[in-house]
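The same subunit A turns up in both complexes below, where it pairs with subunit B and then with subunit C.
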Partner chain A sequence: MQESASNTPEKEVKVIISHRKAVLRRLYKNPHVVVGATIMLIFILMAILAPILAPYDPFEQVPARRLLPPGSEHFMGTDNLGRDILSRLIFGARVTLLLSFSATFVGGALGTLLGLVSGYYGGPFDSIIMRVIDVFLAFPGILLALFLVTMLGTSAMNILIAIAFFAVPTFARITRGSVMSAKKLEFIDASRAVGATDSRIMFVHILPNIMTPLIVQATLLIATNILVIAALSFIGVGVQPPTPEWGSMIEGGREFVGRADHIMFFPGLFILCVVVGINILGDGLRDALGPKQTK
Partner chain B sequence: MTMTDGKVLLEVNNLKQYFPIKGGVLGRTVNQVKAVDDISFVIHEGETLSIVGESGCGKSTTGRSIMRLEKPTGGQIIYNGEDLFALSKKEMRRRRGDIQIIFQDPYASLNPRRTVFQTIDEAMTIQKVGDKSNRRQDIGELLKTVGIGEHQMNLYPHQFSGGQRQRIGIARALSVRPKLIICDEAVSALDVSIQAQVLNLLKDLQRRFKLTYIFISHDLGVVRHISDRIIVMYLGKIMEISDQKSLFNNPGHPYTYALLSSIPSTKMDEKKARVILHGDVPSPVNPPTGCPFHTRCPYVFDQCVSEKPVFYQIGENQSAACHLLKNGKVEFKNMKSPG
Partner chain C sequence: MLVFIIRRILQTIPVLIGVTFVVFIMLHLMPGDPAVVIGGEAASPETLAQIREDLGLNDSVPVQYFRFLSGALRGDLGMSMRNRDRAVVDEIFDARFAITVQLAVVSTAFSVLLGLVIGIVSATRKYSIADTGLMLFALLGLSMPNFWLGILMMNFFAVTLRILPTSGWGTWQQMIMPVVMLGVTGTAVIARMTRASLLDVLNQDYIRTAYSKGLAERKVIFKHALRNALIPVITVVGLQFGGLLAGAILTETVFAINGLGRLIVQSIANRDFPMAQGAILVVATLFVLVNMIVDITYKIVNRRIDLN
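Entry: the complex of A and B
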């Protein structure tokens, strides 16, 4: 009994806080996390504050001001219909971020659920699910999304479904693997021994302990999804004009290459920045959060 | 101390626990590991029954099967006149409060993301023990009982030492007011000084709450200290069941004798005839015919290879499965161990 440390209650509160602090500190001490998160924050703020930040109406067409190069009045120039590119890019962040975040969330949640159940119960159910997932993993994601969108028709909802769909297999695989190793831990047996139900064990005991790889994967997937959305819009099956979307903006500038390169250049730059930003963040999270948890 | 005349609390009948070995593309069962192969014993109220044996002999699996943490292959576990193996999953969950388990690794047996309070509260809520409004006091009391400060209940497992974590594991087991606690190598992962503290705590708790223990260990020193009766297992089978005194003073089975002779002695002048067993433990996938111990037994003869030995009663509370015993008890000390 001597080994029980005689912490005073005040001390103990401090310990808990310092534990949470330790996780946070590891996050903000990691330069990748800081840089990536800052870039993401800028884009997210831009999307939220779009109506305040945008200097012009993104839909307003001014025929007299077509194809203006970047200048003092139009910082990034105008497109072939005389719309302000900066304003369209700022509003386009809304579409892109909303779609890619929600698709990742929906697909990730579904895949996680599937992987959780499959890895926990194992057996024939697991085998069937995993074979089906192998088939989907064999397709390139964009091909799958393209196929679904052409089948379902091009609306924001259908694009979301298509992209979410392609997140499911990856998440299911990652979750299943983590569950299979986590379910062998003794505390799982311990909670089964006190009578915890299967769903309680899965959601209360296993899931919180395998979140790290899932968070990292989700971050990286958001980046992929931004590219997929842009690609779908570029080939004309994604977000439909006149809704400002970065991919379709690039497509709109395709005809004017050589005459007005800025129409393609700036949306491309935005896509590049946001994707690089998320990837840096994802790499940072992976280093800061895992694979070894704090003891 | 022996309470072998007490009421029977739990009866294990012909328990079998096989694990399938999957192979091939289709994942068919190609073979089986016979981790526990047809064992039977009873445990009496208030006693400490130890299960000893080498690693892989099935002692832990026996404990886990009794808890129904594994899907049973065969046999019966009779508790309160009910066969636990015949219960549905739901019925079994409700009975789990009666039998609890303490695990070997205190670093793996607590969920790192949950505080001590959350961990114990979960157990009590599921088994509907006590009043929800008194939960904090109840858990505080319980923690004090096992030697953890009341004010530490909101801490996370990583903020405790190994010994403290094991105490928390004990508190969790106790929280649902069990009758039987299975201690699965409960002190093996602890330092020797902490081992003694935890063993004493277990003994105290046994007296206070009238607990029955199944104590699974490979450490004969610890077993000698805590047990009333002892089961010796080898390759998934029981070799000997005996009360503590008879087993240590007068082992009935050559395997027990070999095990005991491996305990290091502190007496310099005492010359011990040590029995060295040769070879490895055979695979539980293809256990030897006849007596499972015949491949390594110094006293092996023809019958051992061909015929499974039955249990011979060789003392009031002692029986062993060995062909040598058919004409009564054998003094191994007088037999020379063949090199």
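Entry: the complex of A and C
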């Protein structure tokens, strides 16, 4: 008896490790995950290594080299101010990725926290939170962000706040739903019986068990956020020039369409590639992590 | 069923009140003094004080909110600040509302039709070249900045080929590019959803039974499988419609269409607070109502869901 009791924790650890290994193996073996993660990694490396990779200074204006078409010196041509488009796109990856990742993290964490507390305790607190979330879900996507940025002013920090803000309701909803079914499981009763506190049950026992849908949602949200950041810049309330940002580069190239299409073409292509990569990764994670995570 | 419908309608009321509150408070917090917008930078302090008095800006915030709410309920959203003879409600409903709703409805129809066709073809020819190609197409549609697509189309069809007009709304030629631009994301989402949902259903026993009793494939898919596969698609269609209302902001900007979306962008840029407030309120209300209708439809179509 005694022996088996002292063996149990060790066994548990082993089980957890091999579970982790199994998950990792499923991720490696899923072609979507591999392809998507590779594309995303390329863009992340591009953002980190921007000063090394960029052939020119992204801000340097050379009047003599205005509106050059793609060629050997300027691989993707130059814009109306004679700036090298490729260099601006490479530096633009920093702005877009930093904003979309951090907004997803902030909004996702806040929404998860709200959903966790709301779903765990239930009662009047839950009702109030859910009604407030219903109200915010009534503002379709970009409208809320547009509204907030206009109100707060167009700084990178405010754009982050605005985009993070509209992630909160979605995450709160998903988390709440999962928490409500997870808290009925037997092991939760068991840990309560041995005297675990509410916060321990929430963060140590429930949260790890409901991570899968949240990870998938976060991945897809990064993709959405990249598109929203570009859209906000495109209507002029996002990242302001001269900061190289893909959406505002498209806006800047709009008036030269027909004469110098490359100015707006390449930024859109970059957005398309990175978002395709992230969406493939999201699809793969959904298949690999959940037995059935159909939305 | 009736209980569900009534309850769902009643649930909408507090949400709508919440929406009016959020819209009110957000514009209330916006930087910039409305009195200065109307009176101009050069206005004397007395004039500004008079304007503030006229607009009721000296009242407490709750009083201003209830004035706004009771006005909204009576169909009065105040006057534009840029053109003080123009009522916000008139500007919204005289022309702009209809245009945006048309744009959203036609785009939804386009997305649903094309999305269903793509989804059905893909699911019935699972892992074929057609399936791979169509799903790649859907992935691109989902990942594309649609305003970029809009400008590319405009450049190709209107500037280079000169077969479609560059901007505006009204004739069917003018509708093609905006509808494609606005509908592309929805098409992709619906196509993927239809495929996944149909594949789920096709794996079920009753479909095998239908095949084994000798029914033609066409009949199995259209009479048996699709009916159940479409249930989750309905929800997506509802969500898409709401997304389209927001997406209209970009589409209307690219194609210079004078709808609600462009009105929101322009009035925010002009600091015309009542106008922006009114337009946003109308869009959000419409979104809430559409979601309500979708939920009810979903319930009617899918009676298997228990009432709770």
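As a convention for this text, the second predicted complex is superposed on the first by the 270 of 295 C-alpha atoms of A that agree within 3 Å, B and C clash if a C-alpha of one lies under 4 Å from a C-alpha of the other, contacts with A are read in each partner's own complex, and residues count from 1 in each chain.
The rule is short, and it goes like this: contacts are C-beta pairs under 8 Å (C-beta built on N, C-alpha and C of every residue); 3 or more make two chains touch, one makes a residue touch a chain.
Worth saying up front: this structure is predicted, and the values here are computed from it rather than measured.
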| item | value |
| --- | --- |
| Subunit A: partner with more touched residues, subunit B or subunit C | C |
| First (subunit B), second (subunit C), both or neither touched by A:Met151 | second |
| Touching partner for A:Asn80 - first (subunit B), second (subunit C), both, neither | neither |
| Contacts of A:Leu185 with subunit B and subunit C, given as first, second, both or neither | first |
| Touched partner set for A:Val194, first subunit B, second subunit C, both or neither | first |
| Touching partner for A:Gln61 - first (subunit B), second (subunit C), both, neither | neither |
| Touching partner for A:Ser127 - first (subunit B), second (subunit C), both, neither | first |
| Partner chain(s) touched by A:His205 [first = subunit B, second = subunit C, both, neither] | first |
| First (subunit B), second (subunit C), both or neither touched by A:Thr243 | neither |
| Shared subunit A surface residues [contacts with subunit B and with subunit C] | 294-295 |
| Interface residues, subunit A side, partner subunit B - complex | 1-9, 12, 15-16, 19, 127, 185-187, 189-197, 204-205, 208-209, 293-295 |
| Complex contacts: residues of subunit A adjacent to subunit C | 131-132, 134-136, 138-143, 146-148, 150-151, 153, 223, 227, 230-231, 234-237, 247, 250, 254, 257-258, 261, 264-265, 267-268, 271-272, 275-276, 279-280, 294-295 |
| Sites on subunit B touched by subunit A in the complex | 27, 64, 67, 69, 93-94, 96-97, 100-101, 103-105, 107-113, 122-123, 126-127, 147-149, 151-152, 154-156, 158-159, 161, 163-164, 167, 169, 172, 176, 194, 197, 201 |
| Of all residues in subunit C, those that touch subunit A in their complex | 14-16, 18-19, 21-22, 26-27, 29-31, 139-140, 142-145, 147-149, 151-152, 154-155, 159-160, 193, 196-197, 200, 242-243, 245-247, 249-250, 253, 264-265, 268-269, 280, 283-284, 287-288, 291 |
